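Following are the structures in question.
You will see two complexes here that share chain A, one where it goes with chain B and one where it goes with chain C.
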Partner chain A sequence: MKNKKVYEEKFFRVLMLLSTLIIATALVLIIFSVLYKGFPALSWEMLTQVPKGGFYFGREGGILNAIVGSVYLSTGATVLAISIGLPLALYMNIHLVRKGKLVNILRFILDLLWGVPSIVYGAFGFAVMIYFGVRVSLLAGTITVTLFIIPIMVRAMDEVLKSVPVGLLESSLSLGSTRAETAYRVFFRQCLPGLSTAVLLSFGRAIGDAASILFTAGFTDYIPTSLSQPTATLPLSIFFQLSSPIPQVQERAYASAVVLIIIILLTSTLSRMFSSKYQNNKINF
Partner chain B sequence: MNNAVMVVRRIRIGRLLQDRLHGFWMQMCLVLVFVLPLILASGMLYKSLLLLESIPLTELLFSKEWKPMSGRFGFYTFVVSSVWVTLLALLIAGPICLLTAIHLTQYAKTWVLRFMHPVIDILAGIPSVIYGVWGILVIVPFISNYLGPFLGKSVSGYSILAGAIVLAIMIIPFILNILIEIFKNIPPELSEASMSLGAGKWQTIKLVQIKKALPGIISAFGLGMSRAFGETIAVLMVVGNVTQIPKGLFQPGYPLPALIANNYGEMLSIPMYDSALMFAALILFVVVLVFNFASRFIIIKSEKYLV
Partner chain C sequence: MDKAKIEIENLNLYFGKQQILKNVCAVIPENKITVIMGPSGCGKTTLMKSLNRLTDLNPEAKVSGRILIDGLDILHTDKNIALIRKKMGLLAQRPYPLPMNIYNNIAYGLRISGRRKKRFLDKRVEHYLRQASLWEEVKDRLKEPAGKLSIGQQQRLCLARGLAVDPDIILADEPTSALDPISSQVIEGKFNELKNNYTIVLVTHILRQAKRLADYVIFMYMGEVIEQGSAHEIFDNPQQQMTKDYLKGIFY
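So, the complex of A and B:
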C-alpha cells in the first residue's frame, strides 16, 4: 500500500518534469528552427532595400518596406493606445478606487475584449471602412490595431497600478494635489517600470499581429509616405512570401521571420530590463 | 498683496481646469471601453442580418453545403473543423499546463522558476505568424515524414493535427499563467491541515489542492479554448484549408477564422458573401463571449460555496 503511494508520486513527478521540459524545448525549438532556416538567407541587401521588379519571383530586393511599415504601424498604434489606455488605467485606480463594482465590471469587459480574436477586429474594421468608403491605409490599420491592443495595455497597466497602496493616494490628496496631479506626478512615477513593461508588451502584440491588419492596412512594395497610403507589414510579408511556391522566396520568408523574432526578443528583453532597473526609484512601503 | 492673491487664484484655477479637463478625457476613455463591445456586436449583427433574414439560423449552422456562388451558406464544415482543432489543442495543452503548473508551484527549485518565467513570457510574446512558420518548418514535415508513415498512412502533413499541435503550443503560456496564479492563491493552511493529518505531499496536491483549484482549472481551460477558437494566421498556415468535414486527425480542415482570412478581401462581387463572412466573425465573437461569461460564472459560484 505504502509503495503504491510512493510510486504514484514518483510517476507524476516524472510526468511533471517532462511537461515542463516539453514547454522549454518547444520554445528552444521554435526559435532555433526559425533562426537555422532564416539566417543563411538573411543579407544586408534584404534589410535595406524595398522589393524590386520580380522580387516575388526570387529576384532582387528586400523587405525594408515591411520593416518600416511594421514599425510605423505599431508605433502609431502604441502611441494612440497609450493616450487612451494610460488615462483609463489611472482613472480606474484613482478616481474609481471606491467603486469596486464598476471597476470589476470594467475589468471584465476589458478581459472580454482581450479575448476577442484579432481577426474579428480586422473583419469589423474592414466592414466599417467599406461603409465609410475608406481605402486600405496605414491609418485604418493603425486604428484597428489600436483597438486591438487597448484592452491588453489597460489590463497590464491596471495590474501594476492595482498594487499601489491606498495610503499613497490618500497622502497625495491630503497634501492638496488634484487627482490629475496625483495620477501623473505620483502614480505614474511610482509605477513607471511596470507601465513601460505594459507598453512594450502591447508594442510586441501590435507588431506581431497579422489577422487584424490583413484587410485594413493592405500591402505595398513601397514605404508609405502618408497616413492614407497602404503599408506592408512584417507578419503579412512573411505570410505572403511563404505561400509562394518558389524556394528563394520561401527562404526570404524565413529570413523575414528572423527579423520579426529579433524585434520581439529585443522588446521582451528591454521590458525585462526596465522592470528590474528602475525598481530603485520607487517609494517603498 | 492683491497681486499675490490673484496669482495664487490663477494658479489654482489653472490646476483645477487641468484636473477637470483631464477627468473629462478619462471619462471619455471609460465610455469608449463600455461602448466598444456593443459597437462590435451590433455592427457585426447588422452586417449579418442580410444573411440571417434569408436563411434560417439552423440551416446556416447545420447545413454542409457551402456554395457562395449560388447563395448556399452552410457553416457546418467550418464549425466542425474549428471544434476539432480547438478541442484537440486543449487535449494536448491541458495536461501539460496542469502538470507544469503543479511542478512550478509545488516542487520546482528557484533556478527552475527563474528559468521558466522568461520562457513562458517569451512563448506568450511570439507572434502567431512565427508559430505558423515553425509549424510549416517542423510540425508539418514531422507528420508527413514520420508520424504518417509510422501509422501506415501517406499524408501531406497539412492537417487538423498540425493545426492542433501549433495551437496547443500557442495557448500553453496563456493557460499556464492563469493556472500558476490559481495554485499560488490556494491558502497554505489547507495543505498544512492536510499534511498534519498524515497525507503525503502528492496526496495533498491530488486530494486537496486540485480539488480546491478545480473551478479555476476548468475556467482556465475554457479561456484557453476560446483563445484557440479565434486564432487565425498560425492555424491557417498549417491546417490545409480544404472545404470538407475532416474524418480523421490527418485530414485537412478549414476552421472559421481561416475562412474569414482567406476570403474577406475578394468577396464584394458575390451577393451576401460579405454578410456570410461577417456572420462567421459574429460566431467567433459570441463563442468568446460565452466562454468568458461561463468561466467567470464558474469561479464566482465556486468562491461562494467552496470556502
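So, the complex of A and C:
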C-alpha cells in the first residue's frame, strides 16, 4: 500500500517536471531563434530610419515607422480600453452586486467576445469603415484594437475585483461611502496590482496582434502625423517583410520581432515595479 | 424601560425561499449594550445587518416590516442610505481595514463627508485612535499600511474608524471572535466605556461575554425572537423554557 503511494507520487512528479521542461524548451527556442536571426539585423539605422524605396523592395532603411506606429496604436487602444473597461469592471462588482444574474450574463458575453478571433474584429472594423467611408487609418486601427482588448481587460479586472471579500464592501459602505467612493477609493486601491496586470495583459495583446489591424490600420513607409493616416505596425512589419525574397527586407522582419519582444518585456518589468510599489497598501485577507 | 433607539416591528426576511427572520419584534434602548444571542445560524447576524441595510447587498434578500431608528423607518425612506449607514459604526467578525495607511483609515470617513483640513484631520485621528486604545501603539507609524498591524490592532483600528464618522450606534458582529484574549478584553472594556455615548448592538454566541457586557438581551432561535428583556431578567429569571435550556448549555 505504501509502495503504491510512493510510485504514484513519483509518477506525477516526473509528469509535472516533463510538462515544465516542454514549456520551457519551447519558450527558449522561440526567443533564441528570434534573437539569433534578429540581433545581427539590429543596428542604429534599423531603429532610427523608415524603409527607403518601399517596404517590400527597398534594401535600405529601418523599421522606425513600425515601432512608432505600434506604440501609438497600442498605447491609444490601451488608454481607451482602460477608460471604458475599468468603470465597467468596477460597476459589475460593486453596483451590480445585487444583480447576480445580470453580472453572470455580462461575464458570459465578455467571455464570448474574448474568444472571438481577432481577424473577425478586423473584418467587423473594416465593414464599419466601409459603411462610414473611412479609409485605413491610425484611428480606425486604434478603435478596432480597443474593441478587441476590452473584453480581455474587463474580464481580467473582473477576476481581480471578484476576489475582494464582501466584508470590505460592507465596511466601506457602513462608513457612509457611496458605491462610487467605494469603487474608486477602496476597491481600486486594494486591487491596483491586479488591475495593472490586467492592463499590461491587454497592452501585450494590443501590440502583438496582426489580424485586427490588417484591414483597419493598413501599412505604410512613413510615420503617421495625424489620426487619419494609415500606420505601420510591428506585427504587420513581420508579416509583410518576411515574405519578401530580398534578404535585407527579411532582416527588417526579424528586427521587428526582436523589438516587439523587447517592448513586451520592458512593459511587463515596468508594470511589476509599479504595482509592487502599491502592493504595500493591499490588505491580505 | 429606557428610551428606545431602534424599534423593529414585524421584520420578515427571506433569502430566496428560505425564511431567515420570522416576524421579529424587538426594541433596542438608547445608550445601552444590547446583546443579541443565540446558537449559530439563528439569524443574529442577519438581524444586525438589516439594521443598516447591508442585506441590500444580498441578491436574494427580501425584507418586509419596519425598522425605526429615532422614529425614521429606514426600510421605507427616501433618505440617502449612505447617510443612514453613517449613523452606525460596524465592527465585523474579523477586521477589514481599508487598503491605505493607518492615518488614512481613520481620515477616510471624515474626508468623504467633506472634512479636508489637515489640522482638523490630525486632531480627529489622534482622538479616535486614543478612544480605541491604539494611539500609543501606532503614533510613530501612522504612515504604515494598516495591513501590517496585528489582527487585534486592526480590529481596534476598525473601531476607531467607525467612531470617527460620529455614529450614534455601534453594530458589532462577534467582534472578538478572531482576536486573542488580551485584544478581546480591550474591546470589551472599550464597549463598557462607549455605552455612555453610544447605543451598542452586540451579536455574540459567547454566553460569558454576553453576561459580562449586556444591559439588555434579545435571545433568538431559528429566526425568531424567543425572549427579550433586561440582562437581569433574562439571565436570572428567564420565562421561556428554551432560554433556560440555552443558558444551561443544553442545546447549541
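Remarks
Just so it is clear, the second predicted complex is superposed on the first by the 253 of 285 C-alpha atoms of A that agree within 3 Å, B and C clash if a C-alpha of one lies under 4 Å from a C-alpha of the other, contacts with A are read in each partner's own complex, and residues count from 1 in each chain.
Following the convention adopted for this analysis, a contact is a pair of C-beta atoms (placed from the backbone, for glycine too) under 8 Å apart; a residue touches a chain by one contact, two chains touch by 3 or more.
Since the structure is predicted, the reported quantities are computational estimates derived from the model, not experimental observations.
When the two complexes are overlaid on their common chain A, residue A:K99 makes contact with chain C while staying clear of chain B. Between chain B and chain C, it is B that contacts the larger number of residues in chain A.
Within the superposed three-chain model, A:E8 lies in touch with chain B and out of touch with chain C [touch as defined at top]. Of the two partner chains, chain B is the only one touched by A:F239; chain C is not. Of the two partner chains placed by superposition, A:S226 touches none, neither chain B nor chain C. Contacts of A:T178 after superposition on the shared chain: both chain B and chain C are touched. Contacts of A:I119 after superposition on the shared chain: chain B is touched, whereas chain C is not. Residues 178, 181 of chain A touch chain B in one complex and chain C in the other.
On the chain A side of its complex with chain C, the touching residues are 97-101, 165-178, 181, 185-186, 189-190, 280-285. On the chain C side of its complex with chain A, the touching residues are 49, 52, 54, 56-59, 82-83, 85-86, 88-90, 92-94, 96-101, 108-109, 112-113, 145-147, 158, 161-162, 165, 171. For chain B in complex with chain A, the touching residues are 15-16, 18-19, 22-23, 25-27, 29-30, 32-34, 36-37, 40, 43-44, 47, 95-97, 99-100, 102-104, 107-108, 112, 115-116, 118-123, 125-134, 136-138, 169, 172, 176, 200-203, 223, 226-227, 229-233, 237, 257, 260-261, 264-265, 268, 274, 277-278, 281, 284-285, 288-289, 291-292, 296. Against chain B, in their complex, chain A makes its touches with residues 5, 8-9, 12-13, 15-20, 22-24, 26-27, 29-30, 33-34, 37, 84-85, 87-88, 90-91, 95, 106, 108-113, 115-124, 126-128, 130, 147, 150-151, 154, 178-181, 183, 201, 204-205, 207-211, 214-215, 235, 238-239, 242, 253-254, 257, 260-261, 264-265, 267-268, 272.
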